[in-house]
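Could you have a look at this structure, given as structure tokens, before my questions?
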Amino acid sequence: MKELQDLAHKLLSDGAVTVVMGWEQGPRGVRPAMITTAANSHRLIFDPRCVHNLATYLNPRRSHLKSLGKPAIVVKGCDAKAVAGLIRESQIKREDVVIIGVRCGGVVRKPTQAPELTTDTVSPRCGRCDAREPKLVDHLVGPALPEPPKTCSVDMVARLEQMPVQERWAFWREELSRCIRCHACREICPMCFCSTCVADKSRPQWIETSATPRANLAWQMTRVMHMAGRCVGCGECTRACPAEIPLGLILAHVAQSVEQRFSYRVSDDPTLPAPVGAFKTDDAQEFIL
Amino acid sequence: MTEPNESFEPKIVAFVCNWCTYTGADLAGTSRLQMAPNVRVVRLPCTGRIDPLFVIKAFERGADGVIVSGCHPADCHYTAGNYHARRRFAIFRDVLSFMGVDTGRITFSWVSASEGGKWRDVVNETTERVRQLGPFIDYQALSFASAAMPKGAELPS
Amino acid sequence: MNIYQPHLMRIDEVVAETSDTQTFKLSFKDPQVAQQFKFLAGQFGEYSVFGEGECTFCIASSPTREGYIECSFKAAGKVTQSLKRLSVGDTIGFRGPYGNNFPLEQMKGHSVVFVAGGIGLAPVRSVIWNVLDLRDQFKNVTIIYGARSVGDLVYKRELAAWAVRHDVKLWTTVDPGGQTADWKGEVGFVPAIVEKAAPVATDAYAVVCGPPVMIKFTLPVLAKLGFAEERIYTTLENRMKCGLGKCGRCNIGPVYVCKDGPVFSAAQIKALPPEY
Amino acid sequence: MNSKSLSLAELAALVRDLNASGTSVVAPVPTRSLCGADYRPITELNQATLNGALPRRSLKELFLPASEVLLRYRLKKNDVELLPVPTTFTPQVILGARPCDAAGVAVLDRVMGWDYRDELWFGRRAATTIVSLACPGFDGVCFCHAVGLNPDASLGSDVLLVPRGADAYWAMPVTDKGEALLARGTFADLVEPAEVTAFRKAAEEKVAKNLASLPSGFHTFMAQSFDHPEFKAIASRCHGCGACAAVCPTCHCFDIVDEPEGMEGGARRRNWDFCATCKFTVHASGHNPRATQNERFRQRVMHKFSIYPQRFDAVLCTGCGRCVRACPAGMDLPEVLGHLYAAQAAGGVS
């Protein structure tokens, strides 16, 4: 923690950056912090409550953050994938951001929980993590941490995959019936950077704005399609959803399917092209007549 | 799902590329091949232009089945549109299936300009398959349900 | 009565004003509604194309002309573009009239200066005809109207009619570069033409509508000419959905454009937070 | 009518009686994950959780659904047929509403009845009897006390229940509708017992600690503080996601859209909309009067604590704290209010 604070202090006082995007203790739990003065760098913390993927603040849609100037950003391994994604897709330039990586030993489900990692509290996605130590970094801080405990949650993706198709339909119909189309899933997503989302376009209106099961299904399927091979699996959409819809399940399923089909896993290497937008002439086509 | 209904005539929307499948379908017609009259063809420049949203919209507006068809690999008029489409629809098919849509309602095919016979087969097979699946009332019913309204107790399972 | 239920109106006449601007003449399908419908200059309505949605604009005809209303719109968004595709005989929906109005009663017995730019002439046109239909109750009437180019001028037939009237002083102008070979009017931006026309401020009211940048530069000119802020009126537009003070998006600070507006004096606007 | 005593068995019988007579009963029902609750219809009292979790979403959706049909239309050649929706509704009783949720509905009556009466809102209001259940103070976020309410506030309620131990309630009728509901059974009269008074007092004390009351003249201070430096960087961490408004019992902004149903007609719908989003105020020209997140967040705070008090003489916030719990970025309304209190004290504006 001290290492992180000292580094932020140095970057800010040297003028290397004008804002450090990290985490701080808020009135209730941990929350994102924009540290703009060296004197405030002591506020920065890192512990298992640092759930938020801060890369979303580098997203060019955040026009109100441009005035803060050149950023340094603190990233976990999963967050670094999002920074890499933004670089890969030409949304930011590598040289325009200082990346401070932290070694991560897993996070809890919600930033308002206690920081202790147990089978109950650990975020289920941490069990699938392949990036405890981010590679796309300018600075790497913190000690190497032990593997997090294994989550006690059932693997809902696998369970759904095994269900008969009608049961899956019923499951999603019920889940999506709660969607109110606030688009929090999109707004918080570091990889949703379109200046005008297809869901906000009205000419033509491909996706209806009403919170009906029909429109909700169209919206979520479209979002997932746009996320295929791009989603970093940070789980922020699921956390942000005020209707508590398990959106991450669809994304995790698609990530698995992309990996199986195209041998591609989202990483923090910005030079690897994304699988949708690229192709191989001998891609499998068993489903095509 | 509903029971197969003999009198049910499925509505099927086909999104096809201009250069191969559309011409192939044309050939099927001019060759007077007999095929099911259930398919409405929408012509697009290339399978690469076919957005999954088109398929979603077709279901929203009452289609019971969808065909997406274009040039064989290596034959794309725009060099690589069909390769891109292949990846996209491989994923979309997985998404549909994961969300609970029977993938029997959607057919992907490569039909070249000379394959009038293959187009007839694709049309007939798809029509028969969708006929067996019945009308897609599950999807159509979504439009009339109002979401986010209490619809009955969601009890712990 | 459900307040969101529109009245049905028939399109009786379509006038293409410019390449993207049209005027509809509309009449209520229900004769009872037609008979009871009253409005005042400056009020607006929610016009709907069924299947596309609703959009907001002012009533561009004068309350003195009964039995119909007119509206002018620029095809800019989803609904206005589909409005543009309609033709005579088609049906649209209308809710209104909503909002406040220009203080015509106060203006009576005084001179009135109208300053408008582009499609901003639409709300002003309602007042102009209202004043001209009661011409003997007003002193001098000056109209200063500008558009980007000759092709962008709206209500050309009426501009011609006003030009030949002796009881109206009309100035028309186009932005530099927007004139044609046979253009007889002024060339220059509206604020400059207002300065040139120099309408007498004594005993006069000004009505100013147009693009924000035009209003921004016209107000100081009017001030210089001696118009008090309380005597300059304009309309504000903010994105609006219900028109009834419920949907919560047109407010500028505590002021609801749909209920307290759309007509505001320059003095009122000065007191508002800059969120319009 | 005197206040009453209701046992759990009597309440269960009331639920059955209401359902049998065609009145639907809505109550907080545990979610599948059991970690929260939703207001949902019940047929038996044991489906509900009356002393448990705070429902994830507020009561407003029972009066202003997230998507609601305003009218239907059928297109014909050159003509349109309008199919009005009913503005009268089947009776329902909401059992175990949070007092902060019930208060939110009452606060919204003001804007919904302002000048033009929203018949869809008031149709549902007329058909609904709200039985709220005094809250013990849910957690450290609750700030109902600060906005002039309390965990046992009766604003918006027709009957207020206060728990007496685990299986009995003290019921206080608040309105005629509430009296009519209690008249359905033969419940014993009961003067407020000491344990009820103690419960109410304890809850109030618990919640009062969370945030000090709005200072006097706060909305006037806010009205004059549009450009206060406090708002300059207030929303730097805000994602503009709108989750706060979605769960809020008083956020009522909406959009109106047409959506086709089949090929020949469709529905005009009113959908919740969220002032935090970029799209909310943007003009067709592309101009956006609230260009950045700071302005959008300021609008939300201003609407609740300045604009609504000025226009409707009520604070548009019931202190339920859902926005704080729902915010994925840790935006904290009580914290912001605390800063603004301090700014008011420092500025000396009253």
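Letters A, B, C and D mark the chains as written, and numbering starts fresh at 1 in each.
One rule holds in what follows: a residue touches a chain if its C-beta (ideal position, glycine included) is under 8 Å from a C-beta of that chain, and two chains touch if they have at least 3 such contacts.
In this text the structure is predicted, and so the values were computed from the model without any measurement.
Set side by side, the interfaces A-C and A-B show unequal numbers of C-beta pairs in contact, with more at A-B. Subunit B and subunit C have centres, each the mean of its CA atoms, that are 50 Å apart. In this assembly, the C-alpha centroid of subunit A lies 31 Å from the C-alpha centroid of subunit D. Contact of a single residue of subunit B with at least two other chains is seen at positions 143, 146-148, 151, 154. The set of subunit A residues touching two or more other chains comprises 178, 180, 211-212, 243.
For subunit D, the set of residues touching two or more other chains reads 31, 38, 66-67, 255, 257, 260. Pairs of chains that satisfy the touch definition comprise A-B, A-C, A-D, B-D, C-D.
Residue ranges on subunit B touching subunit A, taken from their complex, read 1, 51-53, 56-57, 60, 73-74, 80, 83-84, 86-103, 107-110, 122, 125, 138-139, 142-143, 145-148, 151, 154. Note for the complex: subunit C touches subunit D at residues 1-6, 8, 48-54, 76-77, 80, 89-91, 93, 212, 237-239, 241-242, 244-249, 251-254, 256, 259, 273, 275-276.
Residue ranges on subunit D touching subunit C, taken from their complex, read 70-71, 73, 75, 78-80, 82, 84-85, 87, 111-112, 114-120, 223, 226-227, 252-258, 260, 266, 268, 270, 273, 275, 280-285, 287, 289-290, 295, 299, 302-303, 306-307, 310-311.
Interface residues of subunit D facing subunit B in the complex, by the touch rule stated above, are 26, 29-32, 34, 38-43, 47, 61-62, 65-69, 260-263. Here subunit A touches subunit C in the complex through residues 202-203, 205, going by the rule given at the top.
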